[in-house]
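Just so it is clear, A, B, C and D label the chains in written order, and each chain counts residues from 1 on its own.
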Amino acid sequence: MTLDKENVKRVFGEAYDIGLAAASSGAVADYIPELAKADPKAFGMYMLDKNGESLSFGDVGVRFSAQSVSKVIVLAAALKFKGFDETFSHVMMEPSGDSFNSILKLDTRSNLPFNPMINAGAIQTVSLLTDEVSFADLMDFARKLCRDDGITVDERVFRSEFMTGDRNRAIGYLLKSKGVLQSDPKRTVDLYFRMCSLSVTAKSLAALGLILANGGVDPISGERLVSEDHARTIKSIMFTCGMYDYSGKYGVRVGVPSKSGVGGGLTCAAKGPMGIGFYGPALDKFGNSKAAVKAMEHISRELKLHVFD
Amino acid sequence: MTLDKENVKRVFGEAYDIGLAAASSGAVADYIPELAKADPKAFGMYMLDKNGESLSFGDVGVRFSAQSVSKVIVLAAALKFKGFDETFSHVMMEPSGDSFNSILKLDTRSNLPFNPMINAGAIQTVSLLTDEVSFADLMDFARKLCRDDGITVDERVFRSEFMTGDRNRAIGYLLKSKGVLQSDPKRTVDLYFRMCSLSVTAKSLAALGLILANGGVDPISGERLVSEDHARTIKSIMFTCGMYDYSGKYGVRVGVPSKSGVGGGLTCAAKGPMGIGFYGPALDKFGNSKAAVKAMEHISRELKLHVFD
Amino acid sequence: MTLDKENVKRVFGEAYDIGLAAASSGAVADYIPELAKADPKAFGMYMLDKNGESLSFGDVGVRFSAQSVSKVIVLAAALKFKGFDETFSHVMMEPSGDSFNSILKLDTRSNLPFNPMINAGAIQTVSLLTDEVSFADLMDFARKLCRDDGITVDERVFRSEFMTGDRNRAIGYLLKSKGVLQSDPKRTVDLYFRMCSLSVTAKSLAALGLILANGGVDPISGERLVSEDHARTIKSIMFTCGMYDYSGKYGVRVGVPSKSGVGGGLTCAAKGPMGIGFYGPALDKFGNSKAAVKAMEHISRELKLHVFD
Amino acid sequence: MTLDKENVKRVFGEAYDIGLAAASSGAVADYIPELAKADPKAFGMYMLDKNGESLSFGDVGVRFSAQSVSKVIVLAAALKFKGFDETFSHVMMEPSGDSFNSILKLDTRSNLPFNPMINAGAIQTVSLLTDEVSFADLMDFARKLCRDDGITVDERVFRSEFMTGDRNRAIGYLLKSKGVLQSDPKRTVDLYFRMCSLSVTAKSLAALGLILANGGVDPISGERLVSEDHARTIKSIMFTCGMYDYSGKYGVRVGVPSKSGVGGGLTCAAKGPMGIGFYGPALDKFGNSKAAVKAMEHISRELKLHVFD
């Protein structure tokens, strides 16, 4: 696929305007006090392609917490440090059809969480790393995947998660009671909160998307961070499960492997390869960034980025 | 993407052997008496590309009932006759995470069925056509989509469905009671049974896959049967919801929009564009053709047909 | 237990005033058009004791449809015509904790309905009678149990049930698909609608309560209609399951085996033995007659009718 | 009701033999290691009436952990220390129709647990006491209710509960996350474990049953321990919810307010008033003492103790 540079620039510009307009009609997450402090009108969009060329719009440098976007990093880390077979003997890869924080299926259909993009599945995936990989190594991996040395744990967000994370604790103990969690629930959920609290930017998420889109190799440094098989696996799971209860519709309307977080982040691994990162803390009812989704719909349609185009 | 002809031929040959070996370890469906009569060792595989070139292996001419593969035809018909907006105001497009014949979500999360690939969603989609499109027109459309004038309603299968279809009747009445079904439950479920009973072949399903892969145009006749938008939509939904409770894993391991049926059929809309159709009535525990899934895993991996390759 | 006559009279009089006041704040059922025609302010209360003495207040002669009160008659008929063991091999006797028309447990915990007081359980119980007992015999039994020869099928209510009964049809077909319904779903649900449409009065329901309270013998005619074992069984199930999602609280606050219906009826089998019947079509959010429940709370407290007093 | 002494003695003797025979076919609980050490053939039965007369059979002095029987003590304590209205603003009183340790309804129907006899409801009830009542006061209350100064926390059972109680921790955190738990989940669940670990005997449970049967007054000391209203409430809830998923059937077949525990205990508050306590650690599939249930069926039938006799 070749993309006309000027056309790309024009489309992204239009998308930015569309996103900005949409931002004002959503609401920021309030289930964690720290998230409620975000500016609902903030919007940043960053595009990075394999040649290192980029487009930048709006609040691309603002740091915000990765929240569920970190589930992609956690999955990549589990695959890297524990392998495909080990990872998927502890978590499935099926869409769940339930809310991201649901525990219903754990008590009805399966002891294993349905996939690593819902809380139960991410906590289960984190448990593979808790006692096996040092936090320094995880941070190093996250920074490389996002080409962003500035990533740290946002301590205020972490404390906020910690104070209000009882449902995730319930999930951790429930998984433990079923004999599937691989480490201590307390330490596991603590690490899960830490990963959710990683401070990223729209630019970091563009790099993350690019590296996945490029089969796991950072095209700028040339370093392979994720194996080709794992990159394909991650993108497939992002496609079927990455956008909460909107994943199916997003698959139809956008068709680009993406993962959102309630901090307002969105990472997209598009054809080209091209990575697109967003920050837009005003959320729709599904928990996805309102501005980012609207912008991506425009970008995908206009640039024919849908995987089935 | 260009594919070396000899290589393609070799890979398909290997896949056929793999499929044949896998067939013997599955069991044919028995929930409808007529299906139980199938030969579990039967296996047919057919490939058709946009140039009309084909590869044919084994039982490609055996007629069998489309079963859930017909859900793709029903969805295509609803989109054609009623349009995207009208169709998706009556059925959602989210993976359900539940069994194909589940009714739980109808009583917990949403009055609208989650997607057109589960029974409730297909019955709901059929209801859009029941009083609006003649059966002759539906048959004509199905025959064209499959490039197969021999498609008829297999009356023995239909009677078998009719005799044993009480769960689908329950779904129909439940949808009616919720005020969402668009026509009489009895006539709707009757038409649903008829569509499930369409007699197809591995060859028909290869054509169906090819036309969807080719954006809705029959590349041989040149006739557009499905709009480009609708073809993209159908493939996206097949990707997230097409393989029952194995959809997520199939998306990771095969990564080709596909739809299976408990009659043993599988249709795949692959890159190329290429359509691949299978007949293998021995099923795995998810209800997918054991032979066909194993064969497709090989084909996708060797020919790099995964959408994220 | 001996009750002072004047005291009883006074308490019932107070209860009538309390019920009348409560009636005005509820709403009549509207899910069946015919029920919506009831006068929300109507209220009738009738007490009948084993000596044939009675107290009568308000609209005791108004005919209304038994609705779920008929589940008691259906259960009594199943026990009479098929016996305890046969009946309870087809339906359980556990409280369900779900709505009266729920189907969730049928698809998660058990193929058999939880108890004969929810729709699924009553339909299952009716299926034991459908092909085995003539409707004339059922009517005869119902009339004797209620000491009311005027009971007929209210044809307008029946037609209304029939027109709007798709959820009950869904339940019938679901039970059939699970292999547990004992007769044709259509005929079974038709008979279920007929039983719901039986026209009763507050006076009929007082007699029904009295006969159950008296261990199954009509104390006035001396005729045994229900065996002692069956009467005890029916009262136990009424106690745990008779008042929809309010059964537990009613058990605490009133503590008298009772069964309500959305037509506004309530039958109570109280100590004495004494039967109390109500008509009060304004319902609370649980589907119980608002006036009747309030009145019974007063009566039970003042006359110490709670089984644990 | 007057009971012939010799007859009572004969019936209890028969019941003891029936219970002993039944004991051998059940299995002791093994989900807590300490419980697995019980002797499955052990069986003790104790009857105490209001005159202080008693009958004693078998292992009546063996101490075992109260487990779910403690839910009755917890409920009585909550009612005593916090009152009816406060208690039932934090927990409902409806049968749940789900397993004792289920969390499904907490995520589907109601934030408040369905009743105090299931784990979620008992943990919620305990939370009313955690920060409000000293453990010494609770112990004092438990000892008086059971007329047993020897009750202590069995530390080995407590440690065993503590080590394996992750599901109860999950419930605690889930309730906290929903904003309904009234105290710290960790301390609350710790107290819940402590109460489950109270060491009782068949004799203690007979006294507990007697005091409830006698309207809350210890008939031997003359001390009122529970108000009449609270005793009635507790018995009503025991009747509808006391025997796990067998509550409905037990209500039909025995009809005496009772509460079982997986330690093998059963307390019954029978007419007379009479209290009957059992120890029989071999359990049936519902978690009730096999020997005790069989024995109570005989006793209730022969002595006409069913509330609806």
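The definition used in the following text is that contacts are C-beta pairs under 8 Å (C-beta built on N, C-alpha and C of every residue); 3 or more make two chains touch, one makes a residue touch a chain.
Just so it is clear, the structure is predicted and the values come from calculations on it, not from any experiment.
Shared contact partners of chain A and chain D, listed by label: none present.
In whole angstrom, the spacing between the mean C-alpha positions of chain B and chain D is 55. Taking each chain's centre as the mean of its C-alpha atoms, chain C lies 32 Å from chain D. Counting partner chains per residue, chain C has residues 108 touching two or more of them.
Chain contacts in this assembly form a single closed ring in which each chain touches exactly two others.
Per the touch definition, chain A reaches chain B in the complex via residues 92-98, 105, 109, 114-115, 231-233, 235-237, 239-241, 245-249, 251-252, 255, 257, 306-309.
By the touch rule above, chain A contacts chain D in their complex via residues 102-104, 107-108, 166-167, 169-174, 176-177, 185.
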